[in-house]
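For reference, the structures are reproduced in the following blocks.
Shared between the two complexes below is chain A, which has chain B as its partner in the first and chain C in the second.
For the complex of A and B:
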């Protein structure tokens, strides 16, 4: 419609002078460009504010198809860039009014980006999720409403209480196990972080997710990390390994807002 | 452990897990709770939307669509 365009920022890396990978496209199929300053390169593309302005975003971020396509496009650029050299990924849908603002960012925060880059260089992120099966009987949903406390009702209540206790007990065991898994993996990693457990409706799994961990691991310890995951899995329970990821969960600027 | 899972782990370990196989929910954990947050006046817009909110809205929408 109009010239209302913004600059979408994907990631920042050290500028080694390498060109942007040929044909690399980002969100909404836009071509990815480089903005260079202070020895850094910001990977960006020009987007329409009709789609990436604050107001349209507040709607489309809740459209799962749009979000899926946009998140994957963002991820694709980050992966392509991180494959070439250490890169600091930027949060989804970070849009500036123009390239000048990105240039100013690189100039003003150059040192912070430099430090962030040195924290992730030679390291990659791995994800480990631990699931626990709730006790089936205890998992029966409680009946709503219900009549008077008759004989069968009292018996039901008793069963229900026992069920709740065993469910609580199962939860405690699963949580303790998650702590152990996290401690072992964190001891191999240079940094670790626990994401919020995923909504069962999003993950598509009814089991409890008791750990949703992210681990930043030195590349030369990746094998050791994978072996530790195997060993932990062999001790029982379900562990899911994802990655390697670009260091999304460990990309922070020092004085930046903590996630 | 299923064959599919062990194969996925193997690919992951070799760093060859194709990005199409990345689950959206795992990606969103990282893209909405991770990545550098550049605060300040320069930014026009930034994701500040809770995953829980997304799940609720998106699910309601997808259920309606079905």
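For the complex of A and C:
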């Protein structure tokens, strides 16, 4: 390995001796390889430090197009690997100076990886988002006709106040609903996480996101989970289900089982 | 700085349905690959933007463009050097003025070509016109909530470093 190449790590899985999915490519179109040690397999590819060195990364991480392509490539490998066997995804742009460092990692943290893997084995992550319309209050109090005493200014303030009040009210209702949805889904899942709501910039939607939940669900309860989502959706309001995902939200090395 | 101002999510329709297993919403993917997954420090130290910082950054760009526009600072949209074309703003204004003028004239005369008549305005009418315009102005019906202030957060892109080489 030359000085200006690095080893990019995507995910770690238990080594069942299965070969790397054929033709699997990762970031910057590099072929994915396996590094095996301690009963584990690390999925990696060799990347150029011209692109994945500290200096260039500090720039390109802010380049949306680059980030888009790289995030998708990373995600693609993680999903491909996790489809074969339980895998622990590693965060984007984790780059080592060479394969030896990855080997050392597998040896040093083998037990932790083993534990993390056993937590996600036979389970998938599902994402559920709940949206709420900011102006549920559609019907605003109609203009009272006889307000001769109230000028347009006072009327405006009144309307604005009412608007704010119903906005608050709508928000409270939506939050309560999010709570209910989360409780129902969490009771089916093995573990659950509530992530912070996505910015409209990220979700591409104007509505409030009141729940951004991740649920680790046993494979044999996946259908039950999907049914519960349908039932909740039928109760009204917008509910978005994504997945199954590799267990991104539940892959941790240093924490115990999720509460 | 980065140029693109497009919202991350919208460009890629979410495809939770359909045969493809892989959701294509970039927002969902970014959220996962940046904020979740095992965090181990590699040998290359990356000042990883966390997803929130990234979106704040995007929003700042969008916000600054919008704010500028609201304040009427939009010269770049009309600067022939930048747009590489004709001055559309001026054209638009011309068209507006012409339309207004012909409306005014329509009050008195049948349609005539407006070109030769620009000078003949009676000052007396101007005041009334002004009043009409004022009442028509959409000023206070507008209930648009003020744009939310951009939340600022202390730099926290360094999370990875904090957990670097967790005693193993």
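Quick note on the criterion: the second predicted complex is superposed on the first by the 236 of 259 C-alpha atoms of A that agree within 3 Å, B and C clash if a C-alpha of one lies under 4 Å from a C-alpha of the other, contacts with A are read in each partner's own complex, and residues count from 1 in each chain.
Keep in mind that, in the parts below, a contact is a pair of C-beta atoms (placed from the backbone, for glycine too) under 8 Å apart; a residue touches a chain by one contact, two chains touch by 3 or more.
Values in this document were obtained by computation on a predicted structure and should not be read as measured data.
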Superposition on chain A - do chain B and chain C clash or fit: clash
Which of chain B and chain C A:242 touches, first, second, both or neither: both
Which superposed partner A:222 touches (first chain B, second chain C, both, neither): first
Partner chain(s) touched by A:233 [first = chain B, second = chain C, both, neither]: first
Partner chain(s) touched by A:156 [first = chain B, second = chain C, both, neither]: second
Common interface positions of chain A, toward chain B and toward chain C: 6, 9, 12, 49, 52-54, 57-58, 61-64, 67-68, 71-72, 74-76, 79, 88-97, 101, 105, 109, 116, 127, 195-196, 198-199, 201-203, 214, 240-245, 248-249, 251-253
Of all residues in chain A, those that touch chain B in their complex: 6, 9, 12, 49, 52-54, 57-58, 61-64, 67-68, 71-72, 74-76, 79, 88-97, 101, 104-105, 109, 116, 124-125, 127, 195-196, 198-199, 201-203, 212, 214, 222-223, 226, 229, 233, 240-245, 248-253, 256-257, 259
Contact set on chain C toward chain A in their complex: 1-2, 4, 6-11, 14, 16, 21-23, 25-49, 51-52, 55-59, 62, 140, 143, 160, 163, 166, 168
Interfacial residue positions of chain A with respect to chain C in the complex: 6, 9, 12, 49, 52-54, 57-58, 61-65, 67-68, 71-72, 74-76, 78-79, 83, 88-97, 101, 105, 108-109, 112, 116, 127, 152, 156, 159-160, 163, 195-196, 198-205, 214, 240-245, 248-249, 251-254
Complex contacts: residues of chain B adjacent to chain A: 1, 5, 9, 12-13, 15, 17, 19-20, 22-39, 42-47, 49, 51-55, 57-59, 61-62
